[in-house]
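Dropping the structures in below, format is structure tokens.
Heads up, the next two complexes both have chain A, just with different partners, chain B and then chain C.
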Partner chain A sequence: MNVNEVKKLALDIRIEALNMMSKHGFGHVGGSLSIADAIAVLYGEQMKYDPQNPKWEARDYLVLSKGHCGPALYSALAIKGFFPREELLTINEIGTRLPSHADKNLTPGIDMTTGSLGQGVSCALGMALALKIQGKDNMVYSIIGDGEAQEGQVWETLLIAPNKGVKNFIVMLDNNKQQLDDFVEKISPLGDVRKKAEDFGWHAVTVDGHDVEAINAAIEECKASDKPGFINLETVKGKGWPAKEGVNGNHALRGPAFEGVEEVLENMRKELAAMN
Partner chain B sequence: MSYEMFDAKKLLGDTVYEVAKERNDIVLLSTDSAPRSGFTTFIEKMPEAYYELGIMEQAAIGVGAGMAVAGKVPVWCGPAPFCTARPFEFFKVDLGYMHQNMKVIGRNCGFNYADLGPTHYGLEDYGLVRMIPDVVILAPQDASELKGAIKAMLDYVGPVYLRLSTAKLPKIFEEKPFEIGKGNLIEDGEDVTILTTGEITVNTLAAVELLKAKGVSVRVVGLPTISPIDTDIIVESAKKTGRLVTVEEHFTVGGLGTIVEEITAENCPVKVKKIGVPFTYISAGPYDDMIQYCGLDPESICNSVMEFLK
Partner chain C sequence: MKLILNENMDDIELTKAYNEALIAVAKENPNVVDVEADVANCIFGPNFQKEFPERYIDLGICEQSLSSVSAGMSAVGMVPFCHTFAVFASRRMCDQNYISCAYAKNNVKIVASAPGISSGENGGTHHANEDIALVRPITDITIMEPADSAAMRWAVKNAAENFGVYYIRAERYGQKRIYADDAEFKIGQANVIREGNDVTLIAEGNLMLDASLKAADLLAAEGISARVVDIFTIKPIDVDTIVKCANETGAIVTVENHSITGGLGSAVAEVLVDQFCAVPMKRIGVPNRFGEVGQIPDLQKVMHMTPEDIAAAAKTVIGGKK
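Moving on, here comes the complex of A and B:
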């Protein structure tokens, strides 16, 4: 893996996502920033896709089950050429192909509509299962939130996948410790979630979710296993915008809450330029 | 018309708190959703009566039904689709069939969650809940009715669904006790009756002013209870003006439009013009654009009524 390229992609995703959300004046900033590194590893290294042909049969699939973080995914898709970068600024305008939440019907490169928490990951399992029974080796990835993991449907999926022998399936948990109202620990803690997934029959690992090399290695390890993979990404909600990292109120920002974003973006752009 | 405006969620939370502090049976359930539903005062003042479950809407109804059996009156509020469509079967069995004394409040109804797109709109919430017999459904039209409806909801023994949409809520009517199941004659007229429900009523009333300016005599009926619906006032209106118009920020299919057609078809067949959300998927976009697209702004309502009366 070209580590520098993937790191650059992660930063670029953060920049584009923050830019589109702040220009629009609304968006799920915290969770979009915490998942940028994992998305960069997927689109910068691991996944097979063709931006000119988003429905390419041999493609790998990503289902963003925490669909509210659409901006992070849209940014990766735009950077990789699925649609022009300028289009990112159309978020939520009437007639846009980019609504806040990931939408299969609208966006090139998105294969599953999400937004109702818990739903996407079970759909992802269905995709993996269908590919498996057709003897295909396409990978299916799904990203869930730690708050989302309180939904029973997530655990139903965790129960089924190993029992059906699905191996081409990797669930990544964006374990950023925060949900909407508060810290997960204060609401309904998940406990040792890696261990839980392992007990359910998954090849389960915990990694630093902001270390692209570690994430990549974890994916390789899961792919080599004969079980479905579960990657617990230890992350920080709001990662990259220091004032918003790990503080309450960073879930979704509106209007004045974006104050200070220009400075953050400028710093990020400088950092990106220095990496070239 | 300019009205005094209220923060709908704050009014909701504070009114529930006012009632709850005088009783010892009301508990507040949350699915990562209570502070944002306007319950910060409740949470601060009555922490022992506040239960944050996490993001688990199906369990919320189960837990609420269980608490109701064991003597509590659970109140739960969240985005409309997540507390109606998502746990629908439990709504039916746990709350409806067993007639449990739980109160469910669906917020951000209609297109209120404009930036969050189709997964978050509440366009079928009361249409769904109406399919469960004996669940009271309230859709207050202004700040006064919201306050009254909350008190009536908490006094009533049995399952209630209350729908709430906008962040800013006008005070249109004088405060008075809310009678579940009763429609209100807002204004009398001869040429046509407009039946309206929920918070879109402010647009309906603005449209009525435009119609009056064009010389149309309009009878206006407010229906803040969707179930049990006030059949009498609908039939009476049909007999009086011959033509009916319904206005709602909800699918007309399965919504007030359908309800009124069911009633008139059986009791007094008349022409009904249904104004509301077309039966299709509408993508994300600014709230006002979507309201206009659906013909729910005052000018469009007025034009539809004029067309209907031709």
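Moving on, here comes the complex of A and C:
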């Protein structure tokens, strides 16, 4: 893996995501920033895809089960050429192909419509099951949130996948410790979620969700296993915008809450330029 | 429309007819899969499993997953028929049917067995008297209630061959044969099962068509000519036939194995209002009350869904004509 390139991609994703959400004046900033590094590893190193042919049959699939973090994924898709970068600024405008929550019927490169938490990862399981029946080796990835893991349907997926012998399936948990209302710890904590997944029959690992090399190694380890993979990404909600990192109220920002974003973006752009 | 229409029992019950039809389409189409959630034995699922073990998936008791997993399978080219009892296929799977299946434009066939009072002795918890009301507002969904084995065969074949989300009601017990084996159906086309001029009984499903035909006999004995219509697809609904029946017979009774709120009766009333052809109309079905345990004939009496109830409603609407 070209570590510098993937790190650059992660930073570029953060810049584009923050830029589009702040220009529009609304967006799920916290969770989009916390998954930027995982998305960068997927689109910068691991996944097979063709921006000119988004429905390419041999591609790997990603289901963003935490569908409200579409901006991070849209940024990666635009950077990789699925559609022009300028289009990112159309987010949430009438007629856009980039709605707040991911929609497979609107956006080139999106494989499943999500937005009702718990369902995306379940759909991803269906994809992996179907590919297994078809004898294909495409990988199916799904990113879920730690708040989302309070949904019962997530645990149905965790139970079913190993029982049905699905191997081409990796679930990544964006364990950013926060949900809309408060810290997960204060509402309904997940406990040792890696251990729980392991007990359900997954090859389960915990990594620093902002260390692209560690994420990549975890994916390789899961792919080598004969079980479905579960990667607990230890992340910080709002990662990259220091004033918003790990503080309450960073789930979705609107209007004045974006104050200070220009300085953050300027610093990020300088950092990106220095990496070239 | 080719009819058989006699008092003979159907040679197979509707759930068996569904299973045989599914096996038949699976032989033609290698992408057809049977997805179940632990009530497969009630719909002869093991027969499918025996034929196509690799395309039979029993997920366990997890109806939310039944819907979403099927949606995911369809997104990579499979044609999943996912089955559970109608109570779960509607109430429990509601948001998954909406988002994972319909909103996402996936290709899922939801098969809802034992709808309405046909769940009988399983009692109020298992009576899906509101399933059509929950499913009908979902955009682009097709709702079918095949009334006998011939209709069921056509329904399953049509669902397998056409992209989109289908909700297929499958009564647990079929009783009376309605259609000839080679009868041809259409989505959005109701079928006139018995001609008549004084009133139209618009029914759905075997149980209520049977009751409606018996009601027509009761009315005939009193010199009243009742037309009987099998609606077949509740969505899309056959606007032309409903308007024609309203204009030609001047009075309508809807007869459904479902709550009178939100189902066939509501759908027909919406057509009459929208088309400016409101005529006297009454709705026979489960009134505003929960289901309860009992055998089907007794439940029909308790819920006022007998041939006598239908005939009485017919006379009331005829009396309401101007």
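Odds and ends about this structure:
One rule holds for everything that comes next: the second predicted complex is superposed on the first by the 276 of 276 C-alpha atoms of A that agree within 3 Å, B and C clash if a C-alpha of one lies under 4 Å from a C-alpha of the other, contacts with A are read in each partner's own complex, and residues count from 1 in each chain.
In this section, a contact is a pair of C-beta atoms (placed from the backbone, for glycine too) under 8 Å apart; a residue touches a chain by one contact, two chains touch by 3 or more.
Keep in mind that this is a model prediction, so the values were computed, not measured.
In the overlay built on the shared chain, the residue A:S22 is in contact with neither chain B nor chain C.
In the superposed model, A:L125 makes contact with chain C only, not with chain B. Once the two complexes are laid over each other on the shared chain, residue contacts for A:Q179 go to chain B alone; chain C is not touched. When the two complexes are overlaid on their common chain A, residue A:G152 makes contact with chain B and with chain C alike. Residue contacts after overlaying the shared chain place A:N250 against neither chain B nor chain C. Look at A:G95: by the touch rule set out above, it reaches chain B but stays clear of chain C. Shared-chain residue A:T235: touches no atom of chain B or chain C. By the touch criterion defined above, A:S32 lies against neither chain B nor chain C after alignment on the C-alpha atoms of chain A.
Look at A:L106: by the touch rule set out above, it reaches chain B but stays clear of chain C.
Shared interface residues of chain A (contacting chain B in one complex, chain C in the other): 103, 105, 113-116, 118, 152.
Against chain B, the residues of chain A that register as touching in their complex are 24, 26, 67-68, 92-96, 99-101, 103, 105-106, 113-118, 147-148, 150-152, 179-182, 184, 186-188.
Contacts from chain A toward chain C in the complex involve residues 61, 63, 103-105, 111-116, 118-119, 122-131, 133-134, 152-153, 156-157, 159-160, 163-164. Those residues of chain C whose C-beta lies close enough to touch chain A in the complex are 33, 54-55, 57, 59-60, 62, 64-65, 68-78, 80, 95-96, 99-100, 103-105. Only residues 30, 32-36, 52-56, 58-59, 81-82, 86, 114-120, 281, 283-286, 289-290, 293 of chain B touch chain A when the two sit together in their complex.
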